[in-house]
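What follows are several structures.
Common to both upcoming complexes is subunit A, partnered first by subunit B, then by subunit C.
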Partner chain A sequence: MPPETTDLREEYTRFIGRKILFIAILAVLLILIAGIATSLGSANIPLIDTYAAIVDRFLPDYFNPSNLATNVVWNLRLPRILMGVFAGIGLAVAGSAMQGILRNPLASPYTLGIASAAGFGAALAILLGKGFVGGEYLVIANAFIFALLASVVIIGIARYKGARPETMILAGIAIMYFFSAMTSLLQYFGEADAVKEVVFWMLGDLDRSSWDTLGLVGIVLVCCIPLLILKSWDLNVMGAGDETAKSLGVQVEKVRILSMVLAALLTASIVCFTGTIGFIGLVSPHITRMAIGGDNRFLLPASGIVGAVLLVGADTIARNIIAPVILPVGIMTSFIGVPFFFYLIMRKRREYW
Partner chain B sequence: MNVHMSARRKVLFIFSLLFIIIIMAVVSISLGAANITIWDVCSAILNKFFPDHFNPSEFAEFVVWQMRIPRILMAILAGIGLAVAGTIFQSTFRNSLASPYTLGVLSAAAFGTSLATVLGIERSMVNLPIAIMMSTFVALLPAFFIYRFVKRKASPEAAILIGIAFLFLFSILTPMLLLFTEAGVAKESMFWMSGGLDRASWTEIGIVFFTLLFCIPLLLLKSRDFDMIADTKYITKEEKTRNAGIFIASLMSAVIVCFTGIIGFVGLVAPCTTKTIIGGEHRFLIPASGLLGGVLLLGLDALARTIITPVILPVGFLTSLIGIPLFIYLITRIVIRSEHR
Partner chain C sequence: MRLQIKNLAFSYGSTQILKGINMELGSSDVLGIVGPNGAGKSTLIRCIDRILVPQHGTVLLDGQEMKHMSSMEIAKRIGYVPQSISNTFPATVFDTVLMGRRPHLGWRSSEEDIDAVLEVLRILKIKYLAMRDFNEISGGQQQKVLIARALAQDAEILLLDEPTSNLDIRHQLEVMEILTKLVKKKGISVMMAIHDLNLASRYSDRIIMLNGGSVRDAGDPVSVLTAENIQSVYGVEVIVKREADKPYIIPIRSFGD
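Take a look at the complex of A and B:
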């Protein structure tokens, strides 16, 4: 083997190694932030007690957390934090998948209107009678159907060559406003308290998390994300243009539709329990891309973790910034997201990746 | 836009709109929780001017003059103002998607007004001008920012996206601000977000009326210049008129927002529809689209009050439900047009 090849191989290994290292560091950071977030709140529980209470479940004999700590951590705080983690991962992965599929740096579940559509679907299902068929599954299914509807419109627009990235996003935002107007209208017809909390659907909130809903969201995440990561080679090639991808043997339409459906499912299952939390799916892929580049094999998982860190961080700030009042987390994510959105539009149109 | 319609038919169109507004206003006054017939309405109104010939009941007179007419007048004035502002924005930006709402001007103005409220500027006659000035000042921000952005050869869609970004920005900032006030936050922010004509009073109507009376003739005087500005065939350097147009349109939007909250899409739907009917000549376009805006908002408000009777829907919902499909249609038209280029 000539020496250049080994050099290249080493360089590639190092190149990949850096990305894996980045993901590992992020994972550690996530665990830290989740711990800190769990320890903050109206009941005063030190950080060490928090970790002790968590680890105690798995290794019962080594730690002695207080009863209060165990209770508060496991029953009150952890569901919320974990929902933040799951929602962050799901939205960010969905966002990076959408950005890849549509080759549009402004795409995300929120800015394409898919999250609002899902929110409307969920609100409608709740209004029409939860428990009609299988309770929460019905809500998710309905949300999914509406999310698919929005995705179909977006994919339809993407087929036109004349559609600039901005045009697509404008259509997405129009869809978003349409469905959020419809959701607000629902409150006038509905008795259900759940529907009346329009702010919940509009701005997103982690208040409603419980272990049951966490399980449901977890299952969806476990099913969808590996499938998307499996498709990441195809997504990488599609980044170079549909023609190139086709000539390399990628079934572009199939991959695009499958990935879009998966992303919509991810979005729908999360929105059902958190409302439409904006901008996580927009911001985290970009942050990740700045750090480790646009290779979807690493971009998808890494941006998922970045999304989780961002969302848990934002939620912690939202809970503690004006202490007794808990702000909806969507307001916090918008504070990060809107300036970013400005930046992405205003940026000179070089290549986006 | 190539619409061949003689000047006389355009004038006829304007007058028929005016006629429709009057009819609709009378019908709309008779609608509502208290049961009042159209004849009661007519006699109550005419009684003010010819005191001796009509004998409306005191009740009818009170309801009509104190409760219904202010609301109706505010709907008409707000519709006119927003539609004219939309027309001017569309011409100055040469952008069929532009409107006070989609450029973020309305939500900026709402932020300015709530800022005035938070700073403790009470809504009294003395302080009202200050509140209006603050709201106008903030409203100018997105308009001129986007204008500068457009001058750097940005695509029309990108310009509107910036407007939407402003919309996002101010629609989080306004509820945040209201957190600092005592009053019911949720209710207040609901008012600002989705618009309502509930708060109309005679003084407020006066203010809006005189603002429009000042602004619209000024715009009409410059209608030839606006024709040139809007026509993409010319490369005009009418910077002064453009700036003035943006300023006046923002001012009108801001004044209206102070009293009605954010009513979206009227300023988009009315100019677009009018342009397809009578073409882009501003002499006719400005009054016609204004009147159409009045008709639209009046009709939608009547619908909002009667559709689920005891509840009065915020009129902003209904305008959105009409406006958004049009917005999507306009976007697809842009897409298809650039496909064929």
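Take a look at the complex of A and C:
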């Protein structure tokens, strides 16, 4: 083999290695940030004690954390932090997948009106007390079902019209306006207190997290994300256009619809517990692409971790910036994300990243 | 016969693009498809690769009806080179060519796939582009990358849509020579839509001339690329000379309307 070929092979190996390194560094960063986030709050628990309390559950008898630390960490803070991690991962992976299959940098988990449908579902439950399921899960189940309903309509239209990206985006925008109008209508006639509750719900918050909800979201993540990552090659090829993808043996419509279903499921299962947390699903894929490029094999997992870091980071600031008042994280993600995103856009020399 | 196309018809809505095409492609054959804009050259190629699904007619690949083959099976045997693509998101030239291995690929790209990519990059002399972003190289370079991708696909039949439209004269000749050499060496068959009649004449074993969605004439370059054929199909006056046993077309003027 001529020496130049070996060089290029090495260069390519290094190119892949850099992406894996990026993911590894991010993972460490996430553990660190999640730890710091768990240690901050009204009860003062040092970082070391926080980790000790966490590890103690798996390896007892080594660290002997205080009862207070164990209690606060496991019962009060971890569910919220972990929900931040799960929601960040889920929204960012859904965003990457949507941008990939729709070939549109503006696509996000909310593009298809999923969030506004969830908002309407919640509003219906809060304002009228009506829904598919009664009891404490009324609002959650309603939000989830309406979110899925929106995706079913769009996927139905896509199947009928041939699953072109433009069709799906336009249908999604139409759905979004429809459900926003429906929510406004409900609010217009609603009681003031209930309307306020609806507004609060839609702001997006990790306050409502518990170990039970974490389990549910976790199951959805574990089911959906590996499937999407398995489809990375198809997503990569579809980035070069439907024609190319078809000529390379990819069943474009099928992959597009399957990925949509998975992304919708991820989004719906998160949004119904947290309300709409904007921006994470849109920017995490872009930030990741700037760092390691568009290969979905690496983009999907990496953007998930970026999303988790952003969301947990934003939530930590939202909890502490004017403590004891806790701001909804949905507000904070944009406040932090937008300037950071502008910075990245300005810094890049190239047309695109 | 590698490919046999019988009575192929395709319409977009009520606009009929292809009207009953019959043609064949033999092994180690270079088939040039010529014809004016809108004659149906690209559509024909897309119908053969089943990117578009024809309403009528059959395409047989080694005697087997392509309708009944899976898209992955087709992708292993037929490579397609579009005129151009634009990636929405960044991808290096290396990764773009690696996509050609998709029909053969597991989730991880194997050493064998990387070897295949390195080999076609070498053949097309574009190794120096390997780590550049596909969207940031010139149109001609992009065209060579797309050809490289189809070669990496390792198919027996290559369908090319205007493979030289963005290339300067040197790269046009280079690409055509690479293709004809591969045809001889590996026994693959090439079918290309091409506007440049002289390139078609020089490098095709056979030529099919399309006009308005039908085959106007088919055969070797000398019998198809005649002044009369060109005049009636394109509406231009030309002189056809013989140069090394191939017709050589010199355009004179357009007839206008």
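Note that the second predicted complex is superposed on the first by the 250 of 353 C-alpha atoms of A that agree within 3 Å, B and C clash if a C-alpha of one lies under 4 Å from a C-alpha of the other, contacts with A are read in each partner's own complex, and residues count from 1 in each chain.
One rule holds for everything that comes next: a contact is a pair of C-beta atoms (placed from the backbone, for glycine too) under 8 Å apart; a residue touches a chain by one contact, two chains touch by 3 or more.
Computed from a predicted model, the values in this text were never measured in an experiment.
**Student:** Should A:Tyr137 be classified as contacting the first partner (subunit B), the second (subunit C), both, or neither?
**Tutor:** A:Tyr137: touches no partner chain.
**Student:** Based on the superposed arrangement, let me know which partner A:Tyr160 touches: subunit B (first), subunit C (second), both, or neither?
**Tutor:** Only subunit B; A:Tyr160 stays clear of subunit C.
**Student:** Have a look at where A:Gly100 lands relative to subunit B and subunit C in the superposition and call it first, second, both or neither.
**Tutor:** second
**Student:** Touching A:Trp211 in the superposition: subunit B (first), subunit C (second), both, neither?
**Tutor:** The answer is neither, since A:Trp211 touches no partner chain.
**Student:** Mind working out whether A:Tyr177 is in touch with subunit B, subunit C, both or neither, as first, second, both or neither?
**Tutor:** first
**Student:** May I ask you to decide whether A:Gln251 touches subunit B, subunit C, both, or neither, giving the answer as first, second, both or neither?
**Tutor:** second
**Student:** Quick one: classify A:Asp295 as touching subunit B (first), subunit C (second), both or neither.
**Tutor:** Only subunit C; A:Asp295 stays clear of subunit B.
**Student:** Hey, which residues of subunit B end up touching subunit A in the complex?
**Tutor:** 97, 149, 155, 157-158, 160-162, 164-165, 168-169, 172, 175-176, 179, 186, 194, 308, 311, 313, 317, 320-321, 324-325, 327-328, 331-332, 334-341
**Student:** Can you name the residues of subunit A that touch subunit B in the complex?
**Tutor:** 106, 157, 160-164, 166-167, 169-171, 173-175, 177-178, 181-182, 184-185, 188-189, 199, 278, 322, 325, 327, 331, 334-335, 337-338, 341-342, 345-346
**Student:** Quick check on the complex: what are the subunit C residues that touch subunit A?
**Tutor:** So the residues of subunit C in touch with subunit A come to 46, 49-51, 70-76, 78-80, 82, 85-92, 94-96, 99-100, 102-103, 105, 107, 114, 118, 121-122, 127, 130-131, 133, 135-136, 153.
**Student:** Which residues of subunit A touch subunit C in their complex?
**Tutor:** Touching subunit C: residues 4-5, 8-9, 11-12, 15, 99-100, 103-105, 230, 232-234, 236-237, 239-241, 243-244, 246-251, 289, 293-295, 297, 350-353 of subunit A.
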